[in-house]
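In the two assemblies presented below, chain A is common to both, partnered first by chain B and then by chain C.
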Partner chain A sequence: MLWTHNAGNDKELGVVRQIIDDFNASQATFKVEYQAFPQGAYNDSVVAAAAAKKLPCLLDIDGPNVPNWAWAKYLQPLDMPENRFADQLPSTVGKYDGKVYSFGFYDVALSMITRKSTLSRYGIRVPTLKQPWSGAEFTAAITKIKSSGDFDYPLDLNTGATGEWWPYGYSPFLQSFGGDLVDRSSYTTASGALNGAPALAWAKWFQGLAADGMVAKKSGQDPAVDFTNGKTAISWNGSWAADTVTAKFDDVLFLPPPDFGAGPKIGGGSWQWGMTSSCGSREGAQAYLNFARQTKYFVEFGKATGLIPASTTAAAQLPNYAPEGKYRVFLDLAGTAVVRPETPGYPYISSVFTKAAQDILNGADPKQTLDKAVTDIDNNIKQNDNYRS
Partner chain B sequence: MPTTLTTAPPITRPAATPTKRTARPRRLEALAAVAMASPAVVLLFIFLIVPILLAFGLAFTNAQLVSPRPMRFIGLDNFTRLAGDTVFWASLRNTLYFAVVVVPVQAGCALILAMLVNAKIRGRNFLRTVYFVPAVTSMVVVSLLWRFMYQPDGLVNKFLAAITLGRWEGIDWLNHPTTALPAIMFMSIWQGVGFHMVIWLAGLQTIPLELYEAADIDGATGWNRFRYVTWPGLRATRTFILVTITIATFSLFTQISVMTQGGPLDATSTVVFMAVRTGYEQHSTGYASAISLAFFVLVLTVSAVQRFLTRERP
Partner chain C sequence: MTATPQSPTAGPRATPARPLTRRAAAHTLRAGLVLFFAAPLVFMAVSSLKPDGQIFSDTGTIKAFLPIGDVSLDNYRGVFERVPAAQFLLNSILISTVTVVAGLVINSLAAFALSRMRWRGRKVVLSAIIATLIVPFETLALPLLWWVNKLPWLTANGFQLTLTTGWLDTYQVQILPFIANAFSVYLFHQYFTSIPTELDEAARIEGAGFFTIYRRVVLPLSGPAIATVAILTFLPAWNSYLWPLMVVQSEDLRPVMVGIQYFFQLNVAWGQIMAYSTMITIPVLALFLAFQRSFVNSIASTGVKG
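Let's look at the complex of A and B:
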């Protein structure tokens, strides 16, 4: 039995079904069935099923949850040779404690979406991954756009989104400043990483964006629509919006984020597949995952979803992602992706960071807010005995 | 359902209690009572008493929603942390602020509406139905709609701009610490007032007409009629309404979850919202139980005070 979060997403579910049918037809020993859940209720269903000891054999998992579920013994290591994943984007392989627990077929990438004509109108340089905007250059650019009064807001950071978007979308800025969500050398404290000088600089910059009217404190429902309607000039959004914006404008640019000192960063890690500890048929689950890891299925997923294929061989077979393809830039960007901290304490860190970032955007004192976030995270880690396995 | 409201005959007075029962053995009667009560009691026990007791126990542990380790007793740790948690105090303050405003305003507006639709005017059944419609609409739906209406270019701002001839500057109601909670209060009252109107209405109709006639003969009108006939006649209804609105306001959650997520700057965080967020989003079952326990004590205290204030005086 396989559980997936794809209910209501027919294209992606179609590929999942195709793989299952192919697998069932290819051999007679094992039979895989699937059950699809709506994404919003998926994690709760898994946690509830785990409490009732009724997990299926195979699960799909949102990347940042892998360590938490591995630590909670929902998942078991895939136990496949490491080099099997050599051609995958690092952000699409879920690791915990040095072992591989999951792999994904695709990833998404964030970029600064804008139009070539917009940049040239205000005399702004088109940045590249090798030569991204510096922090000062970026500020000058949006200030110039703002003073023209042509747009409601020069920048849209999608602040109207809730939940996981906040750490996914904004912790890369924090990392570009040189801070982080947690000290990744030990994973036992956030002190220094989340409230040191770089983090404070990030917080002041982030707060300033809202205070100076560069971004909305709560942006519209769909940033891609606001962008195509000409309300915003530069939109910080995921590659999932690429089709919408390229359908409307023919001079769309997908640009790397600014470099605030530690290089341009984006987030990484999307949905991945793994097997559960309670699985009665370990061989069956392994056989299925092995079978699914064929390049043609990576290609199928890429075709169906338009997302970034997780393997470079598959990318070569997709026109959009081949070298010179119109979305190739996402693949290059995904190479710079920083995965969210691989620690079982991540769900808590995510929740605390989200609230802290929201408060900072709304004008809370940056130092106090970050200090409180650090205290909360450290307390939580301590209460869970450092999340030792 | 609104239709039953309009067709039900007005209740004139409480049914007279039977004066004497036939002489049946009391033991049989007691048995029957136990049998009839047991389904409800069992359900209450499993879904109310047991969880409450569990929460009491969990509040003193480090229990996690997702964890491979057994939980551990950590004494009063959760409570010392709670005492120093600024979000908790903000939530408590918001909850009390919400209750202090909403309880009297909602009860008062409901009473005024009830008296209006109780008067013999044309189309009163229609009005009763109209006022009751929000009460039978799901709070989630209402919250979603009002979220759009409160947007900077939403209906509320457009309306205010229209009646002030454009002098009104749009406010992002739900995104300012000072306006967010009042905006939610206004919406909650709008949604809940119809339900309590109906209860007041039922109460109004239990007041014997003779009393009003007697008052008329004594020459009482307007305010005096209300003060000396209506108000005393609503004694039981009053207590009921006070208690139900109070409990409803303390458990404020849906509106917050849909509209503001506790923001901006904790201006709309409530105790229940904080408990749910801590328990599910942050996986901290133990800490969430401690918050629930504090909430339990709060509700218990307030209910006890209300009970004392509305007690039957000898």
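Let's look at the complex of A and C:
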């Protein structure tokens, strides 16, 4: 049995079905069946099934959860050498404790979405990945747009979203300031990374955006729609919104985020495939994963979803992602993505960071809030014996 | 002598003028409350007819509550293409109906035993039942999952019955744990206590046993309580979300609330969400409208707020 998070998403589920059908037709030893769950309910269903010892053999996993599920023994390492994934974006390979547990067919990338006409109207330079906006340049740009009064907000950071969006969307800014969610040299503390001087600078900047009216404290439910309706000038959004915005405007730009000192950063890691520890047919599961990892399926996922293909070979076969393709910028951005901390403690870190960032945006004292977040994260790591495997 | 121009109706006119003002104020207040509570439902139903872009551009204006602009049934068509909505509705109707009907029988019988029969320890038992109300379901969910995964069940294979273990991924796992309900027992108990015991004694003289008294005397007088328990049992059964997520894997056994997650993809289909929400709200509204008089009577007579 194979579980996937794609119920309600016919395009992506169609490719999963195609791979299963092809695999079942290619041999007679193993037979894969599938069950699709809606994405928003998927993790709860998997955790409940793990508690009841009813996990399937194969499942897909959201990238940041791989270390936690591996540590919790839901997953077992793949029997595939690491060099097998050499042509994949690093963010599409799930690792824990030096072993590969999962791989994905695609990734997504964040960018600053705006219109060329908007930037030229206010005399703002078009940045590139090599020459991104500096922090000061970015602040000057949104200040100029705000003073025109042409938009409800010059910048939309999608603050109305909930859950994993907060670390996915905002920890790259923190990293660009030089901070991080946790000290990645040991993964045993967040001290210094999340409450040092760079992190404090990020928190003050983030808070200032709302205080100065540059972003809404709680944005609309759909930033792409607000952008196409002319409510916002620059929208910090994912590559999944590309089709929506390009359908409305023919001069859309997908720009790299500003460089606040440590380079422009975006997050990485989307849905990946792995096999469970309780699988009664390890050979069958491994055979399926080996079969699925063909370039043609990377291409099919790219065609069906419009998302960034995980391998460069597949990208070359997709016009949008080939060199000079209209979405090639996402592939280039994804190549520089910072994966969320590869530690079993990440789900807890994610929830603490989300709460802290929300409090900061709503006016809480940045230093106290970050110190409290560090204390909570460090306590959790200690309580779990440093998440030793 | 000049007659003072005094209107003979001046006095009487002044008197009804105040009630009229009051009535107008009361009607205005009521109309305001109706608008306040109906607004989300109207917004939902109207938005279900609009494309996503228009839903957002209309938000914040009166247009959000009016079926104007690019109005169509496309979102409803989209719902049925994306989700097996009819199957989910049927599942929820089955699960909710069986839970309500079985809950009415079991909980009213328990309440009858606690309120009309004299036996040692009944007050302690009633207190223990009421005490369970303070335990939130979320704290019971995991232990309950463990239990239902170990419980036996008889499965029919043709004409042969087989004993299997585990209720996961079945209808019964969504129904049986929710039939016995402390709040329903308490509500029935309160209502039964208000029915004079002389009726029981009269029935007993006629030779009636406890079950006859329950069925022929107490239940026929308990319409409002039955309506209230039916509604208060139906609502959580219909809105059930966390438990089905945990115990049901097969798509053809899922209830309606899990179905709403089908629309939350990377690009959220807001119009379809509104259409689906409208569809799954209709049975709840219909049930309430059917029982509203009894519901209000019961709330008023028991002093319980649902």
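Here is the rule we go by: the second predicted complex is superposed on the first by the 389 of 389 C-alpha atoms of A that agree within 3 Å, B and C clash if a C-alpha of one lies under 4 Å from a C-alpha of the other, contacts with A are read in each partner's own complex, and residues count from 1 in each chain.
The rule is simple: contacts are C-beta pairs under 8 Å (C-beta built on N, C-alpha and C of every residue); 3 or more make two chains touch, one makes a residue touch a chain.
Just so it is clear, the model here is predicted, and its values are computed rather than measured.
> Could you tell me if A:173 is touching chain B, chain C, both of them or neither one (first, second, both, neither)?
neither
> Where does A:362 make contact in the superposed view: on chain B (first), on chain C (second), on both, or on neither?
After superposing on A, A:362 lies in contact with chain B but is clear of chain C.
> Please indicate which partner A:68 is in contact with in the superposed arrangement: first for chain B, second for chain C, both, or neither.
It touches chain B, and chain C stays clear.
> Answer with first, second, both or neither: which of chain B and chain C does A:7 touch in the superposed model?
second
> Quick one: is A:351 in contact with chain B, with chain C, with both, or with neither? Answer first, second, both or neither.
first
> Which partner does A:380 reach: the first (chain B), the second (chain C), both, or neither?
Only chain B; A:380 stays clear of chain C.
> Which parts of chain A are in contact with chain B and also with chain C?
44
> Taking the complex as given, what residues does chain A use to touch chain B?
Contact set of chain A toward chain B: 44, 47, 50, 68-69, 71-74, 162, 217-218, 347-348, 351-352, 355, 358-359, 362-364, 372, 379-380, 383-385, 389.
> Per the contact definition, I'd like the list of chain A residues that touch chain C in the complex.
By the definition above, chain A touches chain C via 3, 7-10, 35-41, 44-45, 48-49, 51-54, 108, 220-222, 224-226, 228-229, 238, 240-241, 244.
> Could you pull out which chain B residues touch chain A in their complex?
62, 64-69, 74, 77, 81, 86, 172, 174-175, 177, 261-266, 277, 280-284, 286
> For chain C, which residues count as touching chain A in their complex?
52-53, 56-57, 59, 81-83, 142, 145-146, 149, 166, 168, 242, 245-247, 249-251, 258-259, 261-268, 270
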